[in-house]
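Paired with chain B in one complex and with chain C in the other, chain A is shared by the two complexes that follow.
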Partner chain A sequence: MERALSDKKLIALFLVPGLTVFLVFYFVPILMTAYYSFQKWDGINPMAFVGLDNYTKMFTADKSFWKAVWNSVAFLLTGVFVQLPLSFGLALLVSRKMKGRKWFRNIYFFPVVMSTTMVSLLWVKIYDPNIGMLNTLLEAVHLGSWAQAWLGDTKTALLSVLIVTTWHYVGYNMLILFAGIQGISEQYYEAAKLDGAVGWKAVRYITLPLLSDVLRICVVLNVIYALKTFESVYVMTNGGPLHSTTMIALKMFQEAFLKQNFGYGSALAVFMVLECLIIAWVLNKVLTREKIEY
Partner chain B sequence: MLKTTKNTGLYLLMSLIAVLQLFPLYWLVVSAFKNNSEIIGGVVWALPTEWRFSNFSEAWVSAKVNQYFFNSVSVTLITLFCVLLFASMMAYALTRMRFKYNGLILFILLMGVMVPIHATLIPLFMILKNLGILSSRLSIILPYIAVNLPIGVYMLSAFLRSMPKELEEAAFIDGCGVVKSFFKVVLPLLKPPLASVAIFVFLAVWNELLMAATFIQKEALRTLPLGLMNFSGQYSISWGPLAAAMVISTLPILLAYVLFSDQMEKSFTAGAILK
Partner chain C sequence: MFGKKLGVVAASIALSSVVLSACGGANGNEGATQNQDAKAAEGTESVSLWMFDADPMYQAAAEATAAEVGVDLNYEYIQDETYKTKISVALAANELPDVFQQHAGKSYRTPVLQSKTVAPLNDTLDSTGLGAKFLDNQLVKEEDGNIYSVPSNISTTLVFYYNKKLMNDLGATPPATWDDLQALVTKADDKGIIPIALGGKERWQGDLLYNLLVARQDVNAFDHAIKGDAKFTDAPFVDAAKQVTSLVSSNAFQKGFLGSAYLDAQELFKNDKALIWIDGSFNFGALSKAMGDNLGYIAFPKTGAEDVYSATIGFQNSAAPYSLFVNNSSKHLDKAKEFAIKLSLKLNDDFVRKGLPGYAASEVKSESQNEQLSAYASDISKTTKTQAMWFGLLSADTGQEYRDMTQQLYGGNLTPEEYTAQLETLLRSAE
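So, the complex of A and B:
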């Protein structure tokens, strides 16, 4: 068996099909993006090497780039400071031993499995000033003066999109946190009870510290998702009005495939990759503490 | 006594949140049966006065949702089959077979889990164009396989590492070769993690928009998300048929959810921990 398992031909047979597809259609493109980012190129005429010009343009000349960065920060902060606490609350609720908790868990989670395109199209209609249910609902509760074109106004567009992503993904973090809470042994709570820690105290001194690993994963996931946001803004607002909802991924897409600036688009893509990798790495460093033992 | 009031309060809170999560979907479903005057003038939460199945037939035939649906099904099935086969073969080779570049391959695959797909879009467009398969089904199937392989390999390797080797050894003693023992012994044992990977990949592919929007230029090959997006642009006035189309495209997910909700929870938590 050992000999059969180190047979070169067999190893190749098992690895080559998948590895080829992965290398050609994923790995090599990543390297090519880095190469393109130093070129000026419209996709048709020959490339011209321009060094760091694309990056200089990105950081200095392109105003909507910084708008996109700030929007990412807004998504990131909402993910970590709004969505995550809400998810934690939901996870606590559905982990109480009560009848029907599985039903509630399933209901809270269901939006997550729906596509972003679907969810975004649905909310475009909800926000629609003519047929949307939001304005109609506001009128029904005598707040008709609040009714407006939610996605069409620079003041409300970003907030409206953030509400949708929160609604869409709140169940995702809930599920991960719920799995984490399930993994905490009952005996800690029993011991804490003897010391008088019940209710919020138990959450504060038992659940939260023992969940810190899972919480770290959730923070990293939320941050990465926020930085990668594309579909929701592409479908709901296409970055508008006046760049008020634009994102890096959307800019990359528009520069490359609408304006044929493949070099500049690639530089934006490289920025995104580095941003994701560096922030994930930093978060992992910052948030990792000594493991807690009780 | 105190306990029951507390529980009623909890149930009320949880039901309120459930309504918040479900109401948009309820509105979608009832809209799918309404006409415009009912949607614009009517009460938001009211049921349709008449259940208009015509919205569904209009979406299915005139708006070509049938075509988009078939495209999504074929793309998803082919991708799913290839990812499951390739990922299990790779996971087997990487955990059981002996060779030098084991660690290197795993590291490169890890990059695939970490790097956002957006970074591959521009070169992929060029590669697909040069291969002459841009705007064919293959132009999204191949990237979909590539993108979903790493997570599949990781989920399956984790399972294989914890699986005892005795059964394979027994198969070897019975005269099975590596290939035969892989297909006859290992693959059947991999069923539970394969189901998790399958659900993960199914949702990822069924819902994917960015690559489809970039690489599919022929209208006839559009997948559901792409088709729905264009549909909504063209028929901006008739929300009923669009809602019907959206209900149709969510049905397979709902069905999968009802059938495999436990498996789905597992695959999502496993996927999250890997990322």
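So, the complex of A and C:
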């Protein structure tokens, strides 16, 4: 067995089937999508080569494209600067040796196991300005002036969707960070305690540095999820009202499958793939640091 | 460079990599195909059918037709919005069921015909003699002289429904003019009743209301403008757009209507929270069942120079009606054709039974109708013109852009003048 594992040719041979599947079902469609992005094509009639026209349209003529880019950035920033700190806080709380911590952990994680469609539909009802629970609750506590048409107003729609996605996935990051925190040896905290580092100082000088690898993974996952967001927006607002919540993935779907602009839809898909790759690469570069050991 | 089918499948895989969970997949079709193969192995012919109409009447008619034709039916209902996506991919990849329904309108019909995946039905219509049962002009003859589809729905139109209980509570009467409508909207709003429920999320209700407001200004405005004999910036279009903004500014629609889904808005009407509901006549049955005598109907008020019987807005389009098509790659092509034609006629019987005007001769007698449906049938017979909804006359991409633009009018992002100027540019360039 050991001899087999040291034989590079044999290893390569075993990798071939997996690599073939990967190339055929992942890499080839991406390449073909890139090819279609240079065509005008409705999916039925013959394609017509249009060069960079789809990309020119995307960057110069499609007003909702930049809105979608901005919304992606909003999702990204919320994921990294709101959801992740919240998850970290929750992970710290459920890491404490206190009564009922498993129960709390399960409660915080529960939304993650619900499907995005289900969560989105649930919140559509909660947000409903006419019969929804949120406005009713606000009115009950004499905050009726805060009642809004949450998903129907361009001023509040994006924020409303962001709140839902944050609520939905905060438990996911919490669990990853919780696992990371559990992996930190207790002896570091005991040593730090002797030096007077307790409470926030212990978090600042022990937990955070030793969690840096886990945090980096969480940041990358959050960023990629943010850039690919589709389902929650599709169900809750369909990109509206007036494109205020549109996303690149949603635009791609609408262009390709509703407007039958497969060429332009492909260009949007290519943009999204490149965007994800570049940002993930930059994040890896920026966040990679020497492994900390005490 | 690449085969069309391979191309569409590859593009769909790549484009769908982030959206698969929301769009549904082709599993239903694969399942249908496997099931069909199994049935074929047993020696029984089977027909797969895709439908987007949720009314149980459709499935019942399909099952009865299958029994009559002697085939096993593989019936798949697909939610309307999902259907539009699924059918466009299936068309391009030629992964269609044996028989499928398609929406009315050029943007839906043209791709079906261009895909060259559907079979002409002339031979079966002639050999069975069933073609003679369809009324004049109800079978659309395409440029090549072939008939590729049979109707799957009657000519449905936009209807002004109202909630009788709320109208009585207000001590008001249904509006007959624009001034009446405005006064009613104000009165309802003052009493905390939603004057008009509107599902703005899907955009079509607002779009059709605008179409009707234009037709009330000038019944031929759209036809003249689209032909180039007039402009979309002319008075009828601007005045109707002003009426839309006037309705919005007087709180005619529920809070957050731009984000309201059609079905959610409909619930407001059914549950006595909204006074008026503007929807298709295809919903008479469902609304009557849900609301009973509480459902009221009137012909859309005289909101412009034209009278109430001058025109209505039709979901149908005589050149591109709601249709049943047959896949020309069907393993049981002859049976599928016979099934589609007989299903169309069976549905026609159901419509006639409900007291609605059918598209084919029928021996079925009309059952007793409720008051509203009788009034509607009477009004439709007096109505001079059915203006096809504009969206149905446009290509898919122009139609979507047009609806986006109309939503901006409702949302206050465009003034009536800006809106009509953009309308002129968009629809003129689409000619």
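Note that in this section the second predicted complex is superposed on the first by the 267 of 294 C-alpha atoms of A that agree within 3 Å, B and C clash if a C-alpha of one lies under 4 Å from a C-alpha of the other, contacts with A are read in each partner's own complex, and residues count from 1 in each chain.
Here is the rule we go by: contacts are C-beta pairs under 8 Å (C-beta built on N, C-alpha and C of every residue); 3 or more make two chains touch, one makes a residue touch a chain.
Keep in mind that this is a model prediction, so the values were computed, not measured.
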* To do: Based on the superposed arrangement, let me know which partner A:272 touches: chain B (first), chain C (second), both, or neither?
  => both
* According to the contact criterion defined above, which of chain B and chain C contacts more residues of chain A? -> B
* Could you look at A:7 and tell me whether it touches chain B, chain C, both or neither (first, second, both, neither)? => first
* Which partner does A:116 contact after superposing on A: first (chain B), second (chain C), both, neither? -> both
* Which partner does A:195 contact after superposing on A: first (chain B), second (chain C), both, neither? -> neither
* Asked: Which holds for A:129: it touches chain B only (first), chain C only (second), both, or neither?
  -> second
* Counting only touches as set out at the top, which of chain B and chain C does A:45 meet: first, second, both, neither? -> second
* Name the contact category of A:157: first (chain B only), second (chain C only), both, or neither. => second
* Asked: First (chain B), second (chain C), both or neither: which does A:242 touch?
  -> second
* Structure fact -> Both chain B and chain C touch chain A at residues 25, 28-30, 32-33, 36, 43, 115-117, 124, 130-131, 228, 230-231, 234-235, 249, 252-253, 256-257, 262, 265-266, 269, 272
* Asked: For chain C, which residues count as touching chain A in their complex?
  -> 1-2, 7-8, 10-11, 13-15, 17-19, 21-23, 84-85, 88-89, 91-92, 111, 114-115, 194, 200-202, 254-261, 264, 267-268, 273, 396-397, 400-401, 404, 407-408, 411, 413
* chain A residues touching chain B - in the complex, by the definition given at the top -> 1-2, 4-8, 10-11, 13-15, 17-19, 21-30, 32-33, 36, 43, 90, 93-94, 96, 98, 100, 104, 106-118, 121-126, 130-131, 133, 136-137, 140, 167, 171-172, 175-176, 179, 217-218, 220-221, 224, 227-228, 230-231, 234-235, 249, 252-253, 256-257, 262, 265-266, 269-270, 272-273, 276-277, 280
* Taking the complex as given, what residues does chain B use to touch chain A? -> 7, 10-11, 13-14, 17-18, 20-22, 24-25, 27-28, 31, 36, 39-40, 43-44, 82, 86-87, 89-90, 92-94, 96-99, 105, 108-109, 111-112, 114-116, 118-127, 142-143, 145-147, 149-150, 153, 168-169, 172, 177-179, 182, 203, 206-210, 213-214, 224-226, 228-229, 232, 239, 242-243, 246, 249-250, 253, 256-257, 261, 264-265, 268-269, 272-273, 275
* If you look only at chain A, which of its residues touch chain C in the complex? -> 25, 28-30, 32-33, 35-36, 42-45, 115-117, 124, 128-131, 148-154, 157, 228, 230-231, 234-235, 237-238, 240-243, 249, 252-254, 256-262, 265-266, 269, 272
